[in-house]
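One structure is given below, encoded as structure tokens.
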Amino acid sequence: MSKTWNVYLSGEIHSDWRERIKKGTQATSLDVEFLAPVTDHAKSDNCGVAILGAEDNNFWHDHKGAKINAIRTRILIESADIVVVRFGDKYRQWNAAFDAGFASALGKSIVTLHDPDLTHALKEVDAAAQAVCQTPEQVVEILKYVIQQD
Amino acid sequence: MSKTWNVYLSGEIHSDWRERIKKGTQATSLDVEFLAPVTDHAKSDNCGVAILGAEDNNFWHDHKGAKINAIRTRILIESADIVVVRFGDKYRQWNAAFDAGFASALGKSIVTLHDPDLTHALKEVDAAAQAVCQTPEQVVEILKYVIQQD
Amino acid sequence: MSKTWNVYLSGEIHSDWRERIKKGTQATSLDVEFLAPVTDHAKSDNCGVAILGAEDNNFWHDHKGAKINAIRTRILIESADIVVVRFGDKYRQWNAAFDAGFASALGKSIVTLHDPDLTHALKEVDAAAQAVCQTPEQVVEILKYVIQQD
Amino acid sequence: MSKTWNVYLSGEIHSDWRERIKKGTQATSLDVEFLAPVTDHAKSDNCGVAILGAEDNNFWHDHKGAKINAIRTRILIESADIVVVRFGDKYRQWNAAFDAGFASALGKSIVTLHDPDLTHALKEVDAAAQAVCQTPEQVVEILKYVIQQD
Amino acid sequence: MSKTWNVYLSGEIHSDWRERIKKGTQATSLDVEFLAPVTDHAKSDNCGVAILGAEDNNFWHDHKGAKINAIRTRILIESADIVVVRFGDKYRQWNAAFDAGFASALGKSIVTLHDPDLTHALKEVDAAAQAVCQTPEQVVEILKYVIQQD
Amino acid sequence: MSKTWNVYLSGEIHSDWRERIKKGTQATSLDVEFLAPVTDHAKSDNCGVAILGAEDNNFWHDHKGAKINAIRTRILIESADIVVVRFGDKYRQWNAAFDAGFASALGKSIVTLHDPDLTHALKEVDAAAQAVCQTPEQVVEILKYVIQQD
Amino acid sequence: MSKTWNVYLSGEIHSDWRERIKKGTQATSLDVEFLAPVTDHAKSDNCGVAILGAEDNNFWHDHKGAKINAIRTRILIESADIVVVRFGDKYRQWNAAFDAGFASALGKSIVTLHDPDLTHALKEVDAAAQAVCQTPEQVVEILKYVIQQD
Amino acid sequence: MSKTWNVYLSGEIHSDWRERIKKGTQATSLDVEFLAPVTDHAKSDNCGVAILGAEDNNFWHDHKGAKINAIRTRILIESADIVVVRFGDKYRQWNAAFDAGFASALGKSIVTLHDPDLTHALKEVDAAAQAVCQTPEQVVEILKYVIQQD
């Protein structure tokens, strides 16, 4: 099959889960393209004022940046076949849950990735997912299976 | 205007913000219908096993309940004109952020309601909102204004 | 809440499951409207030739009838909030599975109703459902819960 | 015309109908890409527990697998121009009828493939199809005709 | 069932077929609302210039009128559940075929109504229809059956 | 016909065109509901800061207000059958042209209302309209004709 | 610009208008792909029975063929950017008007091509078009202009 | 990432802002394709009569041209990921605001580009934008950031 599968990797930016998924699929011949938000935390937080000018008020500082980031995330999620959403153990990560809801309303296939101790808190997000993984390697296995029957 | 406005109140179920919004609009003649998820915490957590049978595994216990709850929330959000999303100071509230993302992809008008100290953590959600409120009374003012020019 | 919930009851027409669901909700004040296909087997099989003229060939006999029946089923499924799909122990019931797939692609909430011994054969249909019931009374409980928090 | 036609081959996995269709088109210069579900029966049944961990309960064993398989089938059906649905003489094949309903709601062109003795049982599915074939070779003829005017 | 069925009656305006359908359903308790284009031929032809000012050029005379008529027909077809399209023996009636194509792309259920000698010329339109009738009374029978199981 | 027609009146708020349209239809029995943006200029400009708190920066002052106003305009345009867009001789009125583009992408029927000396400047907007009027009375005539064949 | 423009050429199959359009664009570097229905009249009429078996009844003979042809036409119109619809002086050509209605509901840009003496009969179709041409060379000029600013 | 980003540049055609954006991105390896309306003012104004024949009436002169131009603009905006809308200091530029509304209803990411003295007049358009720029170089910075994290 010649189709390229677009897989958007949403959520946590403080561990190497994206790299582990990419590494896991490189050994294969999977025709997959990984998409992601801007993962440089400082850049992501400050892009609005860096490009469009400083703000005195924190709210507008954040607002300008978040709207620019949304250009990228919205377009890439809309072009994705599968959206993997990772929840880590730090921060509130409401953007990850927002992405999951956004993807769900678009009818995308969602795969979540988190530790079992988040099961109860994430039950609504997991209920919208096609698979709930605990390790990046499980995500790789799913991609290999659904793309290559492997 | 004879249109009934459907307003879905998503999020926190441990404070009286829904009641304050309803009370604030009762004094007016606003033609508004408030919709909400099941707000009884215990019932919401256990509806799956209570109706469809017990599960040994916590994951499936939560999963069965979350999927039944999603019947209600998805249908009501789809029928809403405006989705108000409240973030409180307890719990992770990923379901609220999920609802916001879901509503955003459907093109609904979103109003968020939270304290200023959550501004940075909620910047992606606020970026998708038409208004960011700090008090239920501000939500009431917005409803009065957009529905009745008042 | 003043919303009327439309619930389409798809599938088996040889047992009293529809009546049991209706009876179960009549004792309540649920604002629900039940929709269904034509459930008179003979009429349903022969409506095409009865209205539009006889056919020598069985294929066209069936085809004319099935297309007229599809007018009703398609319109009612599209207007439904929830689609309950019942699989019994007789016949192949491919139309029930077809309805489930149709409803799923439209983003409807699906509830299946069948005996546990059909679990393996129905796994793809159940995977698209928000709840899997074994008795009409469980369906009633779900409706009471999602509509009335009861 | 430089368009590649995507043709999804849904249904029966116990006869060689997919190979016969592929072989029939290889002799031609048809620009067609055939898509299919995972056709390894054992893998398909067990993918959920094999990747995400064992389940004591058969229902969840099946459920986890069916949801992962749905990632593939849903994405590929959505990307298809034509969906061919094959019904054989074994098993209940509710997944094939589900796929047909799903494809129909998306407005895909459906071609069914089955023996005449299934005509009555499949009348609702055939009523949603653009063509009803009895042999894989007829499917090949249709593809040659609609793609190449041949 | 409390649903009102909207039935749009498109096409020929020189015979009494609309009246025969309405009369046929009045004897019943069918909850049906009949919609139609403006059926006064002269008014329909001249509405553009009558309201918006005369045109020297016939093309613009027709164009202004046709665009105003399209306001009505497009809105009513979009709100219809069933679109009945009548082809008579006079005029070219391209607007009727246009309505049928428009309704088909919107996924409406189409019923055609014409004499058998138009079968070959109308084969593409009939191929998109759920039923092909020869008399208004057959249309009435279909409405009674699909709405009331009668 | 029992359908209520929703007609959104977009644009100029400094002349009495909305009142003239409403008066013109009151003499008739037209079942029409007129929708409109907030037409109190000062309120509309200041609603953001009045409800959500003052801003030092004019840009954010305007931004907060415009986003709240968009809740009303977007919801009402989406619920409209016909969108009348009025361009007067003062101000730049980019919001009116924005509304027209928004309505056009949603497939709404658009009627424009402006003096002939704006014809060249408004040619792209008029090209998306079903009718181009110069007086509110012409709009009334169109509504009477398309709703009541009058 | 690297976009390939898909242009579907619908309607009359008894004159050389398609060839004249293709020839007219070959001299240019337009990146355009022309799509069309099967234009072999006999093949088009008989494809149903030729592939799927003979029918005694003319209606089903035509029906089987028309449904197979619709696979091609529907898929290609859906993939088109521009739909050119040609009406000649022979036959009733209801399929051409049907295609125009279908394309219109999908929001495609429509260009009609016909002699001025058909203006009145085609006013509803022309009202849905972006341009009304009398010669294939005008269609070529439009393609050159909209694709290449030429 | 191998995705090509389509960026539509709408609005003002009398300054070099498009060239400055293109130049700014050429130094980078951004995989971006810029789309635009026909920017030759005279050609754009006269394309209708030049191709389809002269008109005595200015309204129809403009109308024929505007509808042909809409073929290009509508198709390109629909294929765009990002729509940049430029407002200059001359002309009324209602077409630019119309494009912005059209793009907004389609869910496109909008970036506006204008001087601060237009802030109040453009507040409704800016409220629908993800970013509000004052210089073409800021647009370039946004493209580099959202496409390349740069």
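Lettered A, B, C, D, E, F, G and H in written order, each chain numbered from 1.
What we mean here is this: contacts are C-beta pairs under 8 Å (C-beta built on N, C-alpha and C of every residue); 3 or more make two chains touch, one makes a residue touch a chain.
This is a predicted model, so every value here is computed, not measured.
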Subunit C onto subunit D, rotation angle from CA fit, given as a multiple of 5 degrees: 180
Selected from A-B, G-H or C-D, interface repeating E-F by over half of its contact pairs: G-H
Chain centre separation (subunit F, subunit H; CA means) in Å: 24
Length of the line joining the C-alpha centres of subunit B and subunit G, rounded to whole Å: 49
Intercentroid distance (Cα basis), subunit H paired with subunit B, Å: 37
Subunit B-subunit D separation of Cα centroids, rounded to whole Å: 40
Per-residue multi-chain contacts in subunit H, two or more chains: 67, 69-70, 132
Residue ranges of subunit A touching subunit B (in the complex, touch as defined): 58-59, 62-63, 65-67, 69-70, 87, 91-106, 116, 119-128, 132
Of subunit H, residues touching subunit G in the complex: 4, 33, 35, 38-40, 43, 47, 50-52, 64, 67-72, 74-76, 79
Subunit A residues touching subunit D - in the complex, by the definition given at the top: 1-3, 5, 81-82, 109, 111, 130-133, 138, 141-142, 145-147, 149
